[in-house]
């Protein structure tokens, strides 16, 4: 294991973090909703991939799209029935999403049982660049993360919906006065964020096992990215992911993976305490 | 309309205490042990209600204090048999110097109260003396819980790691461990005593200030109160009570593991207090004992859907019954009495 | 010695100069009304002297003590009581408890834990409740009160603080004409013997209570004098009173 390998691994870890955290950052940034069930939306995506690939034997790409749609739909339902009614009550929303995470976990357990499911890696083999080895699937993930960031930025800055979304996140009351249907924007935003989480779940399904309790780890990851990168900007999310990904791998290179995680937690706590707005001050999304 | 002369607290509390009192008389050892643990959960819930329901600080990491107390006393028990095997496995032949005080059980008991309190004070001081409030406070406690759980799992040489510590006796403070029944009553009395202490605290001027902080922190500052100091004090007291609960729990359970310090338990306490009713103390008790009791009895008949129901109830309570089940009952009773 | 004095007080937010070089003096037992159009810096001024915001330049003296760097709770402990725009009471506490928690003398943690409330304290609470007319509703939760009642409750809380300097920020917002008049009377009776700063827009109310008036404009001191002098001041007329339709 050489240092360059660690750095490269850091990029692929960062890519995963970007996909995992982006949906969370969007709902937190635009709607000020801390979705404790974010990990469960990832889980939904993972189980969807399992159904499509392992049960229905469909191509992986179909599973990705399916995961997005299923998670987005569930997200829409959750937003419409629960989140919307708690608008403005940040702490209550957090508590409600806690309840929802339990509901989703138990439903998954009821439908799929307790045994860990798996999805086989859609592509094998790896690329060798000098002393560095990158599995092809990781390359795919890095590529996908870039595409997803690109699509999100496109939606945010080049579509009507995106413009409304950004306006609402900047000044909700004025938007309402201007006749923008903020309720609908909220629902679509939450659906999009959940859909992204679903894609993350599908993409990660081949790497880790799928179980009803897989969500918490991803929730913690998403938190840390958002804390580091700041809430409210895609660039922040990307930078936060890069920072954490590299930090983890580099520290692990010099000592152990465990100390890397511990140091990371401590770093996150320090940032939360001293710079709650995140490390990267990026003014607009 | 007849007016109920009794408060909701007495209406619910008295029968509950009577019931709990009679448990060893009518139930078998296994069930007594179980109820004892539920009472300890009520103690833990009271500690969370003090900081959350009264002062408005949602701590998502309260299991840390619970676990600290638990592990301290558990290590002490384990040391009674000499250097534990999990230490020897890592080449540690002698009990480390900084853990020497734990070889004496009464000392360990006191440490199990002091150390969680000190940690709470330090954490409180670290977070609360800054501009960090509200949700960010909760997030820090969440990360701290994750961090603590990870440390406990990974410092295997000192904590027994993933396997935890087992074979723990029932608080042999004076030489012999207590019998199940005796310990059950000890737990019950301690919990009742702490309940009344908490009640007195919330009724005092200090308690009123806490509630003002919960309602409008800035306004309370303008009345001349140094708000962060008040928060640190209640957080410390809460940490101490949670540590006490942890010690009692470990003694009742005979076992302690990383799951007793983590996020899952922290979130469970939040569930109990939220569903029972925060800011009422009795609500925390009702929530903790009620949910655990029902969970235990129903999970045999409906194992699959019981926890799903808990999740649904939680969402419903947050949306429609923010005062919780007991809290809503209390308000209903009070308005009925006022208009009667 | 004046009870409150500011020297070249200035504060800037992100390049925006909210207050510039403000020199202000308030004598003991004086009642001063501060007028000025929206955005003149009136509330910002109150924020500075009550410790909510820190100035970027200048000094503030309270009873001769330099309080420029002090925080809100420290300034409040020294005897400054502030009432905010809009009723700012503790919604889920009873009327009685709102007054009780505002009582002077329980600020220290040890005091709030162990100092008992003697008969004198309880009588004081009841006396205040009578003065603000809320004795009958003492056990009601504060959120059940009407808007006007909440404003009076907040004044009662101020009374309980027993401050030497009382700051009122638009105390009649949202009140009916009769409530406004009652508030004017209340201010003149319950705050006797205290120094007062009142920020207001309602000119009839200002007429009811004002002795000396200071006018701010765009963060600066514009004019000072009796109400009559201000109304006849050409500069003031140009900027402020011309906007004021009713009298």
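Letters A, B and C name the chains as they come in the text, with residue numbers starting at 1 for each one.
The rule is simple: a contact is a pair of C-beta atoms (placed from the backbone, for glycine too) under 8 Å apart; a residue touches a chain by one contact, two chains touch by 3 or more.
Small disclaimer: the values here were computed from a predicted structure and weren't measured.
Enquirer: From the Cα centroids, identify the chain that ends up most central relative to all protein Cα atoms.
Expert: Per-chain C-alpha centroids compared to the overall one single out B.
Enquirer: Quick check for the class: compute each chain's Cα centroid; which one is farthest from the centroid of subunit B?
Expert: C
Enquirer: Distance-wise, how many Å sit between the C-alpha centres of subunit A and subunit B, to the nearest whole number?
Expert: Taking the average C-alpha coordinate of subunit A and of subunit B, the gap between them is 32 Å.
Enquirer: Can you check how far apart subunit B and subunit C are, centre to centre, with Cα atoms defining each centre and the answer in Å?
Expert: Averaging C-alpha atoms per chain gives centres 43 Å apart.
Enquirer: Using Cα averages as centroids, what's the distance between subunit A and subunit C in whole Å?
Expert: Roughly 49 Å, centre to centre.
Enquirer: Sort out for me which residues of subunit A touch subunit B in the complex.
Expert: Per the touch definition, subunit A meets subunit B at residues 34, 82, 85-86, 90-92, 94-96, 98-103, 105-107, 109-110, 216, 220, 223-224, 227, 258, 261-262, 265-266, 268-269, 272-274, 276.
Enquirer: Mind pulling up the subunit B residues that touch subunit C in the complex?
Expert: Residues 204-206, 208-209, 211-212, 215-216, 218-227, 229-230, 233.
Enquirer: Which residues of subunit B touch subunit A once you look at their complex with the stated criterion?
Expert: 58, 126-127, 130-132, 134-136, 138-140, 142-144, 146-147, 150-151, 154, 263-264, 267, 270-271, 274, 304-305, 307-308, 310-315, 318-319, 322
Enquirer: How about subunit C: which of its residues touch subunit B in the complex?
Expert: Interface residues on subunit C, with respect to subunit B: 50, 52, 71-73, 76-77, 81-82, 84, 88-93, 97, 100-102, 104, 106-107, 109, 111-113, 115, 117, 157, 161.
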